[in-house]
Each structure stands twice: as C-alpha cells, then as structure tokens.
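These are the structures in question, set out in turn.
Look at the two complexes coming up: chain A is in both, with chain B in one and chain C in the other.
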Partner chain A sequence: MKFEPARNLHYVAQKRRVREDLRFVTGGAKFVQDIALPGTQHAAVLPSPYPRARILSIDAAAAEALDGVQLVLTGAQLATDCNPIRLGLKLPEIRWYPLAVDMTRYVGEWVAIVVADDAYIAEDALDLIEVDYEPLEAVVDPEEAFAETERFVHPDHGSNVLYHGNFLWGPVEDDFAAADGSLGLRTRWGRSATVPIETFGVLASWNRGTEILDVWASIQMPNFVELLAATLGYPLNSIRLHQDVDVGGSYGVKRGIKQSVLAGYLSRRLGNPVRLIEDRLWNMAGGDAHGPDRIFDTEVAFNNDGVIRSIKIRALDDAGAYPGRAPFQLAKPISALVGPYRINSVKYEAISVCTNKTGQVPVRGFGQAPTNYMIEMAVDAVARHLGLDRLEVRRRNLIQSHEFPYQIPPGSEYDSGDYQTVLQKGLDLAGYDQLLARRDKARAAGRLAGIGIATNLEPGGGNNIFEYLMDPGAEITTFMEGCEVRVDPQGNITGIMGTTTSGQGHETMFATILGEELGVDPDDIRIVHGDSLSALPTRSPIASRMAIMLGSAAAGAAGKIKDRALAIAAHNLDREVEDLEYSSGTISDRNDPSRKMTWEEICFIAYRAYHKLPDGMEPGFQAQFIYQVPGGGKLPDDDGRVGIYPCFSFQAHIPYVEIDPGTGRVSVLDYAIAHDCGTVINPDIVRGMVIGGLAHGIGAALYEKFCYDDEGQFLSATFADYLMPSVHEIPDVRDVEHCTPSPLTSHGQKGSGEGGYLGAPAAIASAVNDALAPLGVTIHELPMRMHDLEALINEANSK
Partner chain B sequence: MKPAKFEYLRAESIDQVVQALDQGDGETIVLAGGQTLMPMLAMRLARPAMVVDINHVAELSGVEILNEVEGDGELVIMACTRQAEALASPLIQEHAPLLSKAIAFVGHRQTRNRGTVGGSLAHADPASEIPLAALALDAWVSLRSVAGTRRLPLADYFHGPMMTARAENEILLSLHIPRAPGTRGAGFHEVSERRGDFAVVAAAAVIGVDERGVCDHAALAIGGADGRPRRIGAVEDKLRGQRLDSVAIAGQLSEIGAALAPGADQHAGAAYRLRVARVLAERALLEALAEAGP
Partner chain C sequence: MNNFDIRATINDVPHRASVEPRLSLLDFLRDDIGLGGTHMGCEHGVCGACSVLLDGVPIRACLMLAVQADGCRITTVEGLCNDDGTPGLLQDAFIEAHGMQCGYCTPGMLISAQALLAENDEPTLAEIKDAIGGNLCRCTGYVQIIESIQLAARRLREAAR
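== the complex of A and B ==
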C-alpha cells in the first residue's frame, strides 16, 4: 500500500483530549478484577522455596479436606492433561508446564494450585500442602551456566545453552586492521523489567453448552490464544478472549500464558468460572515476568578522529529457567545493532543461557534498551580514550540527514531521520552551555556533577523475521494488524480493533486517524475491541507498532469506506467516481457542487434501498483492512541481511546528575529530551509515552533489580526490595518534538512507546560516568546502586 | 496476600486493650496505623489469634507538656499519635526539633497520615527514624499492662531488630522526652535509595553549647548500622567540653565504627554502612552545631 504524503491535518497532530482519560480518572475502567461472574471460584498458588530441588512427594490431602476447597492440582497431574507451553525456539527437551513437574527450577515457581470458594480459603489451603523437596545446588551465574558441563537447569536438554549464534555483516576484520585503534569494554545490564501496578490476572469460564472457553485476561501478547489453545489441546475457535478488558500496565510483560492455561483448565474441570489474580509476591517471584539480564563484551575499532569503523559484540543473556521468547530479545536489536551511527561492519555473537531464576519475558523494546546502553557506553569510551568531546564523537558518527533511507550492515533500512538536528534541539533545550557551567561550578564546590549525552533509535512496527535469523525453520514473514470500520444505518461510525490496550491510548489514536480520513470529529467515532472470535487478525500492541500498524490499517479501512460511498453516489448521481469529491461524508460533483448526496442518503441506500445500490454491491456499510508491515514479507538475503522493523524513531537525551560523594546517592536534577517519532498523532499521548518511558529508564539505570544471592535465593519479592522510582526520583522533564515523517506510514507516524526507556539508562549512565570522570573511574553496570558508587568513589579517593 | 483468620477487637479504652493483651497468651497483637502490620498480616508473616485495634482509643492520642515531673518537665507523645500530627505539632517543633526533623524522613505524607509514633517504637526496625531520634533525645517509654505502668529509658528498651523490652501483655503507652534548654541544636541526616524508604543508614545528633562556646551536651545516635539504634558514647564524650567547629568534629569520629556491628543486605554491605555512618554523623553534628546557640 502506498500512502499520499500528509495533507492539511484537522485532527492528527492536534492537541486534543485523550478519550481514555475519562474512564481512568473517574473509576470507570474495567480491569480483570472488575469482571464478576456468578459462581466464580478463586485460585491460589504454592511457590517453591528452593531455586532447584527435586519434588519427592506432594501431600495435598489435608488441603483438599478443608471446607470450601474445590481442588488441589499439582504439576504431575496437569502434565498428563495438557501439552507443554510452546517455546519460541525449538527446544523439545525443555518442557515448560504451568506447574513444576518433578523438579522446581527457581524460587517462586508454582508447585501446586488450589481452587476454593474464596481467596482466603485458597490461601489457608496452601498452608496445608506438604511438599517433600530434595534441594539441589542451583545454577545461578550466567557465565558459569554457559560453561557448565554437568549441572543443568533442564537435565534432558543436556546443556544450559538455549541459543548460541554468530553473525557477521561486512568486513569486520579488515575494518579493525585498517582502524587507528580499538578498545574493549564490558557492560552489564541488570535484571529488571516493567513492573505494572496491576499484576497478571485472568478469569476463565468454560461453557458446556457452547463448548467455548471465555477468557478475560490482562494480556498483551501476540499468539496468546493460539498458545493457550495449543497448550490445552483445544481447537483455536473454542477460546474467546475478551479484549475489552483494560490492562493495568504492561510494556511487554503481560504474557500470562501459564496463568491462563491454569485458569482455563481448572474452569473446564470444575465447571465453574475460575479466577487467578496474582498477588505481588507470586507475581514478582513466580509470574515469569523478569526482563533481560545481559553481559556485553564489546570491541570497537576507530580512527583517531573518533570515527567508528567497526564493532564486535558478544552478548550473553540470562533467560532464567524457562525461555519462552527470551532468546529472541537478543535477535530483535539486530534491527538497530549499530544505533544511529555509520558503522561499516558488525560481528555479533549472541548467547542465551538458562539459570535457576524466574523466567524472562519481553520488556519494552524487546532487548533494544540493553543494546542501546552498550552502544552508547562504547561511544563514550572511544571519546574518553581519544580525549575527544563525547558530543563531537557522536556528531562525527551520526548518520546524516541526506543519507536516508540508510541501510545498516545487518540489513535494516532506516526510513528517515535528522539526527543532528534533533540532537541540537536537545542541547538547545537543555541549555547545554549553561549546563556545562552549572556542572563546572558544582565541581569547583567539591561536588560530583555530570551531564549525560545519549542518542538512540527506537525501531517500530514489528516483524517476526528476526526469529528466522535464529531458527531458519521459522519462515514467518507476515506481521499484520487488522481493523474494521462500520457505518450504521444512522450514519454513526464505529472502529473495531482486535486487541487489548494497556494504557497507550489506542482508542484515541484509532479514532483520530479515522476522523482525519473521513472528515468527522473523532469524538463522534466509537471505538470498540472485538473479541478473538470476532475481530480481525492482530499482532497486539508490541514493538512500538500501533500508530504505525493500526493507524495505517485505519487509514486503509477509511479509504475503503470512502470508496464505497463514492461508488453509491456515482451510481445515483449518474456521474463517474472521478468526477466526485468526498468531504466530511457529503459527496458532490466537482464541477457542480449543488449536485450532491449526503451521508444520510448514502447510509440509507447502503442499508435500505437495494434498488439504488450499484450492480453487484453487497448491502451494508463496512470495510475491513489488514495491513502488512511495510518492508516486511522478505527472507534474509544470501549475506544474512534483512530489514527487520520498518520505522525508526530517534531521541536525544541530556540529563544532569549530581552524586553525593559521601553516600553514593545519585540525584537526577535535570532532564531534557528531544524526540522525533515522525508525525505525532496525539501530542499528549506521545509526551506521556516519552516521560513515562524515561522514568522507567531511570529506574533501570539507578534502582530496579531483581536480586538473587549466590545460592539462587530471590531477594526482591516486594517493593521494599525491588525499588521503582517514585515521583521524587524523577525530575521535571523538558521535552521538544521534531518531525521527520516516515515515508512508509499513512500520516508519516512512527513508534513512540519505547524511546524514553531505550535511551534513558544510557543517558543516566553517561551522566554518572561524567560525574565520576574527575576521579578517573567509570561504572558500566546497571543499575548503578548507591553502595556501588560509594565504593568506587571511596576507592578512588583512597588512592 | 490474604491474612490468615484472626479475631478482631475494636478497643475503646486502654484498659480494654491491656485486658485483651493479658488474656491473649502472646497471640494478640495491637493494630495502630497498620503500616507494618497490615502487610505482615497479608503476607502471613504475622498470624495473631487476635488483632486489637487501638485507632479508636482517644486517650492514646495527643501531644502535651507535663511540667509536674522533675527537672524541666517533659514532652509526652501518646502512642497512637499519627506521624503526620507529630510532624505538624508546634510543641514537638519547639521542644524536640530533632524528632520533627526525623519524622519528615518517615515514609510519605500518605503513610504518615496512618502511621503512628508508637507504632514505629513498638516495631523497632533498626533503621527507622523515630526510635533513632528518641534515643538521641534521652527519651523514655511508658509500658502498661494490667499490673500497672512502668517507665523504661530507650537505652534499655531496644534489644535487637524488631525486638524490645516490651512484654507480650504490655502496650506501649507513650513516649516521654525530657525538656531541654532551648539552646540545643539538632541534626538529622539519612541516606536511602529513594526518598521515603527506610534509611539504609541514619544519624541523629543534638549539641548544646554554653555561653563560653564550649560544648556542654552532645548526643549522637546511628541507625541502620547495627541490630538496633546505637548511641555513640565515645564520640559524645570527646565532643563535650570542647570548642566545636568542623575540624574538631571531623577529628572525633574515628571511634564510631567500634560502637557498631552492621549487617549486610542487597541495599548495602557492612563496609558501606560503617563508612556512611561516619559521613552522616559528621553532617548531623555539623547541622546540630550550626543550630546550637551559645
């Protein structure tokens, strides 16, 4: 599909109210917890206290005898009735069941589940289950897991390695040989995630009469229903996922597959609706919702002027006990593996290992945030090594605005951008010269002060083809989003989307584009979420893709609606379609505007006057559009190059921090960000995404970590120990937009849900290292906790 | 996150509370602001047979000055006084400014609206602010049982992490802070990863200076670096009788470490706690000195 360039805009890019706000601020949202079905029973899960242990026996007799308890289910029983959950890579000897079978593989893994008449009784019953464990030595350190030859998380798999691949794009060795110098750097991204206010929740209800399993879940996941059906062994069309449930936060982590398998299985078995709402402890330890945990060893080759020629990256990622789609978080960043820089060649070694820790799920950017952090630290290291200004080194390496579309060595084609200008806008907004003066004044007063500079790309739109890079059997080239637009007999317009939403404002975005295309006030357009049996195909709101994909699908469907209206009008006005003009629902003759048909007349004909319809036209007034990701649909070429995501947003982050030298505590005192996601559809939504993402990134940089001790005991099960930044830790963020439209989308829009998060950790790390620079020390591990910083400062001062 | 079954008693008087505690065989627990107890109940870390709710016992709340006791009299803070109320109390600001400074670090406005002064003291987390400040102020607590009321200096009250001298049949009734001459200065510093968290390490100091500019009173207490808040007597002794300035204070801190036995957790190791105790002690003492009028 080819789009016309953006025209005069009435609704797109205008500051307009976000329609979702009303229900969220007035208590009108509907979350899973709010769905009430008569006869609902409540599930509670029993977590493993051991990171690795053999389950010798489980005695649930006392629990089952408790008044009000319906059932106690263990993994051994469940495994006879359902299939293992399908993993992303084909690893047939790793069998992932919703409950541990024979062996527990991490602290918090669910060993048994109780269903009872209320949640209190269910937890009382947990106390009565006796499990006999034989504790085993756990696999905790990812590097040891990689080298391990005997102690395996999954003994049948015969290794702790889930994936190990080598990629080479371009003449890396030649470029290294020709470069003036090179350096090596180890960076480490800590185990954090998105941790939403709402834990995962699901309500499942099997109907014997219709043989349909109705599911309400706080889900954000492509293939969820397919996976659920495959695990339960049901036909796909016997599950109906209700997608009109508000999801209380996600950014990747609301996968909930094992939870939903359990609820679905138990509902059918018991003949009652079953609700499983994770509590915070079950969620943090056993919800399988941790993010990447990654060690990078990077070598960069550069010239003495700071121009980077080539890069070698080894990434070792700790996927935890059950891989799910974790290894692919090493593959997606290939779409922007060299960041916004002109780097001629890349070598990439990707290793995913399992350990006795909670499983990993996709987190905002699907592996891109750690990669961006690594690249930015490497660029700063080059500047430091050469004694050049960090800003100047970036300017010398950034892709220039006239070079777009720009193909990077692994094959992605950056669609558009103006990186130098956006960086300059960020510097101007930050008041860079004054900021330098502020920093130097603080330093002169004996404080540790630093400015961060980070630029980053945000690939948007999605595409499954990175799976093929890891598994050439996975020939999945389709990545689509569908929507339907209906015009009712009164002429009202309804847009039907096929996925849940978790706070991104999709309804506003969808209505805005429909309104723009149809010339109708978006506030007059209704948006609903179809269920999985009635809605068109979707890949869900992952990959910064909804503005790109649902937005473009909306434009496509609106175009079909207009075409239909024009055909009806042409037939009845006795004119050719080319002679007619559509304007806000009214169709008139270009040459004789008095000759026209109103929207009401067209709707009447569509629904009531078959005799006035063009020959062969079906009655009714609706349009469906399924949009395939632009540039997708291709397999890699013979050199292993493939375009992965289609659209590339860009941000420049300029924070200012000070570190208390006595305590190591970092204060983020200022933050300026310039962002370019092409055409902004709703400015408030984009700004919310940018600032929320940035806060999330400050968390990953300074506070958030799922900690394990050396024995594999989990230490961060509550918010007293897993530290998320509060409003006190997030500075007043100043932001400025820039617009380089994408040539690939309906209105030039790109993705915006991830960029704040993808760049903030690198920016804060850059600022902290700048603050430490006078001491001659650096830190390349996230989160940069205050006790680590204090130790570094103390050591430097003691020398 | 659903508590195990318990009986609930909404008490109307102190007598009713102590009766219930006396009959409880150690299985009865007092609910004040609930900021610690409710999560412990929800996580089933606490499984009392009975919860006695004291939120409606009017006589357990309030701040007043009692002059009839010996010396300069004392400031009395009843146990169920909300932290927010204590923070706003002009009496506390005037007579125990250290406590006001400390309470500003306790949690957040929302939690201070519920949390109580007595709750912090009864829970006795080794890093919490109110016990630390009270210890530096030479305060006492009153404990009541059916047998009567006893007073205990805080130095004897804290036994270890979440362990105190309070018997199972006693309720912590009130906190008593001796009134001090108005010329003393107070300093409170702490470090936590996020604002409002439990302190990783905290320091509270009180300094008095006589008309000649010589230190006549020095109190220094450190929290978060031992199983209970600790007074650092060795440092206090060295400061008293000296003309204090930043150099004099910095020179007297080397013995802090000897008084502390910090533990380690994911938030900080023992070495961090020791080094930072010294840093914060210096800051607290300097702040107190700056406030102390000659």
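== the complex of A and C ==
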C-alpha cells in the first residue's frame, strides 16, 4: 500500500502522555504474577549442578511424600508425553526437551520439576530429590567445540557445529587486490543478555470443559503459540494465549517456551492451574536467556585515503547447549552487514557451535550489536593504521544523503538517511572541539581520557527472509502484523492489537496513529490486546517493528473506517464519495458544507438502519488490516541478494570516558547521541528507548558477562556477579533527534527499540581505546572490565 | 510450623494476620494482603523492585520476613495514590516525564524517590542518584526517572509556597 507523506500532524510527534504509565505508577498493572486463579498450584525446578553429566537415576520418593506436593516430574517421563521443542534450523538429532533427558548439558539445566500447593513447599521438595549424576568433561571453548571430533554436546548430532555457511556478495578478491592495503582484526563480544528485572513467568490452566489451554505468560515471541502447540501435540486452536499480560521487560529474551510447555503439560495432567515463576537463580542459569557470544575475525581492504573497499568477516558464535533460534542471530546482521558505509563487496563466513552452556536466545538487535561493534572497531583500526582521524575516515565512507535508496552488497536497500548531518548533530551536541580540549587537558594532567565515535544502523521491521539464507527450505516471505478497529454504536473507537507489550508503549503508539488518521483525540480511543484465538495475526514486538508494522496497519485500518463512513454518507447524502470530505468523524459536501452527516448518524445507520446502508454493505462498523512488510515477499535473487529489513534508523554516539590508571575503572563522564528514526510517533517513548538501549549497551561494554570457568561451571547466577549498570554507571546522556522520514511507512516512522544498544558498545570501546592510545595498547574484547583494563595498563606501563 | 499473629498498618489501613514464620514480607504483601504493586525481581536484595517504606524508611521486602514487620507502618506503591485512587504528586510526575517503560521496577523507584522527597524537596542530582542507586532499571537508562523526580521536587516546592 502507498501512503501519503505525513502532514499537519495533530497527535503524532507531539509531546503527549504515555497511556500505559498510569497503571504502572499506581500498582494497577497486571504482570503474570498478578493473575490469580482459584486452585493454582506452584512449580519449582531442580537445576543441574554439572555442565555435562549422565543422569543415572532420580529418586523423587521423599519429595513426593512431602505434605502438599502434588507431583514430581522428570525429563524421562515428560519426553514420553511431549515432542522435542522445534529448533530454528532443521537439526533432527538435537532433541530439546523442557527437562534434561538422560544427560545434562549445562549448569542450571532443569532436571526435574515439583508442583505443590504453595511455592515454599515446592522449593522444600527440591531438597529431597536425589539425583545420581556421572559427570563428564564439558565442551566449553567455542573454537575447541568447532574443532572437536569426539566430545559432542549432542552425541547423536555427531558434531558441535550447528551451522556453517559461506556468503559472497560482490568482487571481494578483486577489491582486496586493488586496494592500497588491508588489515586483520579479532574482536570478541562477551556473553551477556538483556536480563529483564522481571524473570520469566507463566500461568497455564487447562479447562476440561472447553478443552482449551489458557496461558498467561510474560512472553515476547513470534511463534510462541505454534511452538507450544507443536511441543504439546495440541491443535493450534486449543491454546489461548492472553496477550493483555504486562511484560516486565524483555528486549528479545522472553521466549519461555520450555517453561510454558511444563506449565501447560502439568496443568492438564493435574487438572489445576499451574504457575511457574522463575526465581533469579533459575532464570540466570537455566532460563535459556543468554545472548550472543561471538568471535569475529575481520579483514578490511582500504585505500590510503581511508576509503574502505571490501571486508571479509568470519563470525564464530557460541550458541550454548540448545540452539533455539540462536544461529539466525548470525543471519539477521546480513541486513546491515557493511554498516552505514559504502563498502563494495563483502565475504561472510558464519559459524554457530554448541557448547555446554545455557542456550542462547534473541537479544535486542538479534545479533546486530556484536556485528556493529566489529564494524566500528574495524573502521577505527583502519584510521589508526593509516594515521588518519577516525571522524574523517567515517565521513569518507558514510553513504551520502543523495544516494538513497541505497542497496548494499547483500541486497538490503537502505530506505532513507542523512548520516553526515546526524553525525554532525551529534558532534555539535557533544561540543566536539571542547571535548577534544577536555580530553587533552586530562591527558596532560596524567589521566587516561578518551572520546568515542561510533555510528550504527538499526534495521527495523524485518521480513524473516534471513531464515531462508540459512535454510532454503524455509520459504517464509512475510512477517505481517494485523489490527482491528471497531467503532461501537455510540461512536467510540477501540483498537485491537494482537500481542503483548513489554515497555515499548504500543498502546500509546497505536492510539496516536488512529487518532491522527481519524481526527480523534487519542485519549478517547480504547486499545485492547486480543488473545491468540481472537486477535488477527501478529508477529510480536521484535525487530524494532511495531511502529513500522502495527503503526502502518493502524493507518490502514483507519483508512478503511473512513472509507466506510464516506460510503454511508455518500449513499445518504446522494453525493459521490469524491464530493465529500471527512473531518474528525463528520462528513460534508466540499461544495456545500451545510450538507453533512455526523459521526453519530453514521454509526446509527451502520448498526441499526440497514435500509440506509449502501447496497451490499455488511452492517456493523469495523475494519481489519494486515500489513505486509514493505519490500518483503521475495526470495533471494541468483546472486543471493535479498532485502531483509525495510527501514533503517541511524545513530551517532559520542561518549567521553576516563580510566583510572590504578584500578582500570572506566567512568563514562559524558555522552551525546544523535538519533534519526524518521517520524517520531511519541517523543518521550522514543527518547526513553534510545537512552535505555544506550545504557544497556554501556552494560555490555563494561560490566555484564555470564562467566563460565574452564570446566564449564557457571559463575554469574546473581546480580552480585552479573553486574548491571545502576544509575551511578550511566552518565547524564544528552540526545538530539533528526528526522529523515521513511518513504515506506504510514507516517515516515522507522524502528527505535534497539538502536541505542546497537551503537553504545562500539562507542564505549572506541572511547576506551582512545584513552589507551597514549599507552600504545588496544582492547577488542567486551566487556572491558576493570581487571582486564588494569592488567592491560600495567602491562603497557611495564614495557 | 506454628503461625505467628502480627499487626501492621499498611497504607494507613490496620491489618491483623496469622503468618508462617518463614513468609517473606514481599509474599505477605502480595499474596495475603493483595497488594500486587510490589514486585519480585531478584530475591537477594540487589534490584530494589520490592522496595517498600517501613516506618518511612525504604527496605527490601524480599529480604525481610512478615513477622519482622509486626507493629510497623508499611507504605507500598498503592499507598502513594491520592485518597480517591488517582496518582499522587510523585506518581503524576513519573507519568508526565515518562519515567518508566515496562513498569516493573517503577514501584520500587517510586518508593525510593518518595523517601528522598519526604526529607528533601530540593535534592541535587547526586542526592537523587544516591536515593535510587539501589534500584535497577533495565529499560530507561535512568535519565527520565531522574527527570521525573526533579519534576516532582519542583511541584512539591511550588505546592509548599
């Protein structure tokens, strides 16, 4: 569908309150823990203490004998009653069950589950379960896992390799040969994740009378119900996922499939609602919520003026024990594999391996943050190698504003952008010249001070075709989003969306666009979340897609509502639709404004006066709209090129850091960010996500890591060990917006939920390396923790 | 296990209850009293999502037992509302400045901010950071939370004039 460019905006892009906030500040939100059903029983899980061990026996007799315990379930029992959880790639010999069967594959893997009358009793019972393990040597290092020929995480699979693919787009070898020089760089992205403050929780209730499994879950996942049904062996329409549950943060990780299979299975078996709320330890070790853990080997070919010609990338990713959709996190970054730069050709080798660690799930950006970190480190390395200014090298390589739409070698077409202007806005906001002076003054005083420069793209609204790039059997060419708009007999408007929301303000966004299109105050529009049996298709709020997809669907549905109102009015006013004008619900003759119909009259006719409806029009007043991803619907061409994402937001990050030379502690003292996501629907929401993502990126850059020792023991199960930034670690961020509208969406909007996180790690790493420059050392591994930097500084000083 | 009888005034309402000695104050407030605004985040006292005021002082409800609150005055996020249930001054400032996203840490943030503003209606940035330094938020990066507290402080001062 074609949209008119946004104009004369009344509600879009205006400072307006976020409607979701009222329930959050008053304690009136409904998170999964707040949903109470009579007779609910409570589950607790027993984690494996070993990274790799044979389960010789499980004795649950004492636990089952405890007063109040209903059932103890082990993996061996469960596996006879359910299917393995479907993986993203077809790996039939890797069987993933919600509980370990015969063998444990990581520390924290759930070995048994107890259901009891209350959560305290369930946890008491865990202590009474006796498991006899035979510990085995674990597969821990991803390079070793790749090379391993005998010790396999999944012995039946016969290898630790989940995926190994080679892609070539453009004349890479010719470009390398023609370039003035090249360099190689190894970068490493540490294992971290999004770690929402709410753990995953689920309440499932099987109803014998309706034969429906009702599920309330803190979920954010496109194929959740399909996976749940397939694993339990139920028809899809026997599961009703309630989408009106508030989700306490997700940013990608709230997948919860094994948890929900367990709760659903146990509810049906016991005939009672069953609730499983992860505690923090279960969540960190066994909740399957870790993110990418990636080693990049990159070669860049460049000219002496800093112009980059070509790039070769090898990415080795440690997916942990059960892959889920993890390998695809190597494929999504293909959508922006050359970043915002004019790079003529690219070679990409992607390898996903399994190890005896917690499984990897999608994390904010779906693999784009590590990739962007690698690209930006490579650009900095080119500048360093040539003795050129980092800023100047970027300016020489950034795509120019007149070149859009711009197709990159792998096939994605960047829709719009003005990268140079946004970068300049960031520099102006940072006060770049003063910042340089501040840095140099600090250095003169003997301190380690550095400025970071990083840019990044944020692909938004993907069409899922990256799956096909890894698995040509997966001919999935849409990633639609639907909505319904209903006008009731009183004329009130209700929008129905089909997904949960986890902090992104979708209700506000949806209402704002409906209000804008229909000329109605958004505060007068009700927004509800349909359940999975009643709502239109949704693909959930992943991939920075909701403003693009739900926003455009909302505009489409509003257009249908207006069309219907116009048709009713034309019929009753004896005019052609073309003669009429819609304005805030009232329809009037352009040439004779006194000839008009009110909204109330139109609604009355729609619901009550069938004799006044145009011939053939159904009674009632509603519209459905399912929006297809712009540019989607295609398979790759013969050269393997395909557009994966339609919209590309852009950011420029300029932080300033100082490093304590004695301890290696990094202080982020200033941070300027310039941001362009096209038209902003709600400024407070977008600003919050940009800054929040950036803070998350500071965590990934400096603090956060799920650590394992050499034997595979897990070391980061608490918030005392896995360090998330508090307010003290986050600087007083200054931000500025720029607007380059997307030509593809209803109001020119693009995505904004991921960008801060995609750029900040690179920016902080750039700043730290700038601070270390006087010592002649660099660091290319995240997180850059105090003791790593202290050791690096000491080593440099001792030379 | 023998239950203990306790009395506590929760959001200005007196309550009597018979509780297991091992029941956490968090579970007591949520499950026994029905105040769901106080949230479980980590259950080891780091994240602050379960913060409530105990005799005016912010504490972690996950680290305290219900029996320890016997005889105490407790304020949860629900208690920050006006008597008619509309958002109180601090809560309204959080809405106005959008000091949240998913809303899960928000009650704890509000409790910490309430404790600060009760003592100091002109806090410096450093004082605000100290007040919420024990509350983790994953969504916001804290900037809009700080702005919300600053707005609330300004409105408090204006109201006091």
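Quick notes
The rule we apply is simple: the second predicted complex is superposed on the first by the 799 of 799 C-alpha atoms of A that agree within 3 Å, B and C clash if a C-alpha of one lies under 4 Å from a C-alpha of the other, contacts with A are read in each partner's own complex, and residues count from 1 in each chain.
FYI, contacts are C-beta pairs under 8 Å (C-beta built on N, C-alpha and C of every residue); 3 or more make two chains touch, one makes a residue touch a chain.
In this text, all values refer to a predicted model and were calculated from it rather than measured experimentally.
By the touch criterion stated above, A:Pro196 is placed in contact with chain C alone, chain B being left untouched.
In the superposition on chain A, contact of A:Arg280 is made with both chain B and chain C. In the superposition on chain A, contact is made by A:Glu20 with chain C only, not with chain B. Of the two partner chains, chain C is the only one that A:Gly503 touches; chain B does not reach it. When both complexes are overlaid on chain A, the residue A:Ser716 reaches chain B alone and has no touch with chain C. Shared-chain residue A:Gly692: touches chain C; no touch with chain B. Between chain B and chain C, C contacts the larger number of chain A residues.
Shared-chain residue A:Ala437: touches no atom of chain B or chain C.
With both structures placed on the common chain, the touch criterion links A:Asp34 to chain C but leaves chain B unconnected. In the overlay built on the shared chain, the residue A:His728 is in contact with chain B and with chain C. Shared interface residues of chain A, touching chain B in one complex and chain C in the other, are 119-120, 279-280, 718, 720, 726, 728.
Those residues of chain A lying in contact with chain B across their complex are 44, 119-120, 122-124, 127, 279-281, 660, 662-665, 702-703, 707, 715-716, 718, 720-721, 723, 725-726, 728-729, 785-787, 790-791, 794. Across the interface of their complex, chain A is touched by residues 20, 22-23, 27, 30, 35-44, 46-47, 49, 76-78, 80-81, 85, 87, 91-92, 94-98, 100-107, 110, 125, 129, 132-146 of chain C.
Listed in rising order, the residues of chain A touching chain C in the complex are 17-18, 20-29, 31, 33-34, 119-120, 194-199, 246-251, 277, 279-280, 502-505, 684-685, 687-689, 691-696, 718-720, 724, 726-728, 730, 732-733, 756.
Chain B meets chain A in the complex at residues 1-5, 39, 43-44, 108, 191, 193-198, 200-201, 265-269, 271-272, 275-276, 279-280, 283.
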